[in-house]
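Just below sit the structures, each encoded as structure tokens.
Paired with subunit B in one complex and with subunit C in the other, subunit A is shared by the two complexes that follow.
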Partner chain A sequence: MSTIGINTRTEIRRVLQDHARLPVDIDSIGDEADLFQAGMTSHASVNVMLALEDAFDIEFPDRMLKRSVFESVDGIASALEELEDKAA
Partner chain B sequence: MTISIGIDLTSSDAVAESLHAHGTRYLERVYTDRERRDCVRQAGHPDADRLAARFAAKEATLKALRREDEPIPWTSIGVCSDGAGRPSLELTGPAAALARHRGVAGLSVSLTHEGQFAAAVVVADLQEDK
Partner chain C sequence: MSVLLERDQAFVDDVRAIADGVAAEHAEEVDRDARFPVEAVSALREAGAMGAYVPEELGGGGVSLEALARSCYELGRRCSSTAMVFAMHQIEVVTIARHLEGAPWFESYLRDVAAQQRLIASVTSEIGTGGDMSRSIAAVTPGEDGLASFEKQAPTVSYGAHADDLLTTARRHPQAEAGDQVMVLTLAGQATLTPVGIWDTLGMRGTCSPGFVVSAQFPAEQVLEAPFSQVMNESFVPVSHILWSHVWLGIATEAFERGRRFVREAARRKPGEPVPAAAALSRVMSELSLLRAEVELGLREFLLHSEGDREHLKTMGAMLRFNNLKLAASEQAPRVCQGVLEVIGIAAYRNDSPFSVGRHLRDALSARLMIANERMHAVDAGLLMIAKAVY
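So, the complex of A and B:
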């Protein structure tokens, strides 16, 4: 079961709202929805990655620089959970 | 001969916003050392138009390589220019490995700018359709 809490998902959504340049409000998109299908460009995903690193004080390793990590709130939350587990 | 084509369009305004928001971290995570050297204006500031063309080339390359969910750092795809200004691609690390896996014998790239947008087309020459 995911240990990523509601506050973390709220912060992920704040980052997406500010940096993903989505044509719709992030609150209209479900946790499992494909953000690229929703209009996030590849370039915007770079901003999302950098803003997540700032927000959570982490750095995404090269092995996580793939579509599935950034394609949904769930994908991002899973990656953050993995990084937090390794840091613990 | 089998070819695979990739195309991408990138906004210079979006690149300028990323430079403003993330500065050097953005440059270092996305562009090769050579690209960063090649994309400076006279005052030494990054040139968002030229960077946008290079980002478009990276994405177009990933499409031509038929990337699925392989982890590919943006810096493993670089645009070089010869003395006449003709661009070419240099792949390293994971991008080079994916190209080998796909049987790519060669890559060609073309870049263009118009207004706030830059576009790139990449053609991959595949030895065999993998």
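So, the complex of A and C:
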């Protein structure tokens, strides 16, 4: 059973708060909203990826290292879910 | 290089004939006077080159990206400015063809490109963005009568005053973030270009690329729907780096050929005696081999993914790969030219000698500034921290 739930999304949001350098508060952005359109730069997104790998103790494989995977809280959550399913 | 299709081969042969003929004939004058290579570009138009990549069903030549790349190389050997104008135009055509997503306006536009041999220039760089193409200040602004507009301060627009149409990046709407961009195709008559300064440069003088303030008004259907962030990674950036690097390979190869002619003449003058310059040229040849290997491999790797697996092109590994093609080729091409200069000596340094490589060196030095290498190294530094497979 997937453990990706509210706690995970809270943790994703904490990482985004610390590293995405958004011009707006992360709480004002929905789970499905486009983070790049909200102002996350490519440079900031790399820091988000590094912080997510650290926070969840995972490594994103190359096929996941692209903009579309990291463009929303939902996108990140489903990537983490997929990695967790693989590990299980 | 692999065997080209007959159609591709015929096109490359046509372009080579233009390169060896009218482009070579005017190259020195184009460079000296910093004037647009009108003769070569007219000849390319007559050969249907502007619509070469447009699919056959839209009235174009239907040639492959590989044929375009080889054409860039052939032109690069004879006239860098002609080659770069050709390359830039084809980048715009390939980008539109790969991302029009069935939009009727863009299909009909490509028909016009083929039928009327329209020349497209791109307006991607912008003053105030620090050279970062993935950010815009200019925005597509809705207006009256279904028309939209933008105004953009461009530090350089290659052959801006000589193009028919412009492909411009801008924010999707006035409230959009800097990275939320689209591409807009504006036709002659829809855009006004006000030049800012003149084009009097070290090299690539015939591309006539001064700064312009571009202001345009156009129907909304002329906005390419696909986000530029996607277009950039799937096509615009890798195709730019592939075609540019073939131009640079052509420039470096011609410099090397001048070195070979010099060495052969030296050998003929004193038969049986050692030719020290030949040993030095052998070292330059190995540098040229590295350049050729990287340029051809970059093309191969793109072709491997360009049709079926566009998702791969969006990964950081792929971004690093095609950035590195540009970085490696742009640093290696002038190295080859400079190596030849040292082999030949004063006869290469002179402008009035058949062994002159001054123009080639000056033109090749533009490579590292077309999207500044320092800026690209900084981007790659970020990607290197997270990407897993780096090749």
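In this section, the second predicted complex is superposed on the first by the 85 of 88 C-alpha atoms of A that agree within 3 Å, B and C clash if a C-alpha of one lies under 4 Å from a C-alpha of the other, contacts with A are read in each partner's own complex, and residues count from 1 in each chain.
The working rule: a contact is a pair of C-beta atoms (placed from the backbone, for glycine too) under 8 Å apart; a residue touches a chain by one contact, two chains touch by 3 or more.
Please read these numbers as outputs of a predicted model, since none were measured by experiment.
Q: Who does A:63 touch here: subunit B (first), subunit C (second), both, or neither?
A: So A:63 meets both subunit B and subunit C here.
Q: Output check: A:37 vs subunit B and subunit C. Expected answer is one of first, second, both, neither. What do you get?
A: Second partner only.
Q: A:73 in the overlay: touching subunit B, subunit C, both, or neither? Say first, second, both or neither.
A: It touches nothing on subunit B or subunit C.
Q: Touch test for A:46: subunit B only (first), subunit C only (second), both, or neither?
A: Once the two structures are laid over each other on A, A:46 reaches both partners.
Q: With both complexes overlaid on chain A, does A:29 touch subunit B (first), subunit C (second), both or neither?
A: In the superposition, A:29 contacts neither subunit B nor subunit C.
Q: Taking the superposition as given, does A:20 touch the first partner, subunit B, the second, subunit C, both, or neither?
A: Neither partner.
Q: Considering each complex separately, which residues of subunit A are in contact with subunit B in the first and with subunit C in the second?
A: The overlap between the subunit B and subunit C interfaces on subunit A comprises residues 41-43, 46, 49-50, 53, 62-63, 65-68.
Q: Report the residues of subunit A in contact with subunit C in the complex, numbered from low to high.
A: 36-39, 41-43, 46, 49-50, 53, 59-63, 65-68
Q: In the complex, go through subunit C and note every residue touching subunit A.
A: 134, 176-180, 229-230, 233, 311-312, 314-317, 379, 382-383, 385-389
Q: Which residues of subunit A touch subunit B in the complex?
A: Going by the criterion above, the answer is residues 19, 21, 41-44, 46-47, 49-51, 53, 62-68.
Q: Would you tell me which residues of subunit B are touching subunit A in their complex?
A: Residues of subunit B touching subunit A: 8, 10-11, 14-15, 17-18, 21-22, 25-26, 29-30, 55, 59, 67, 69-74, 94.
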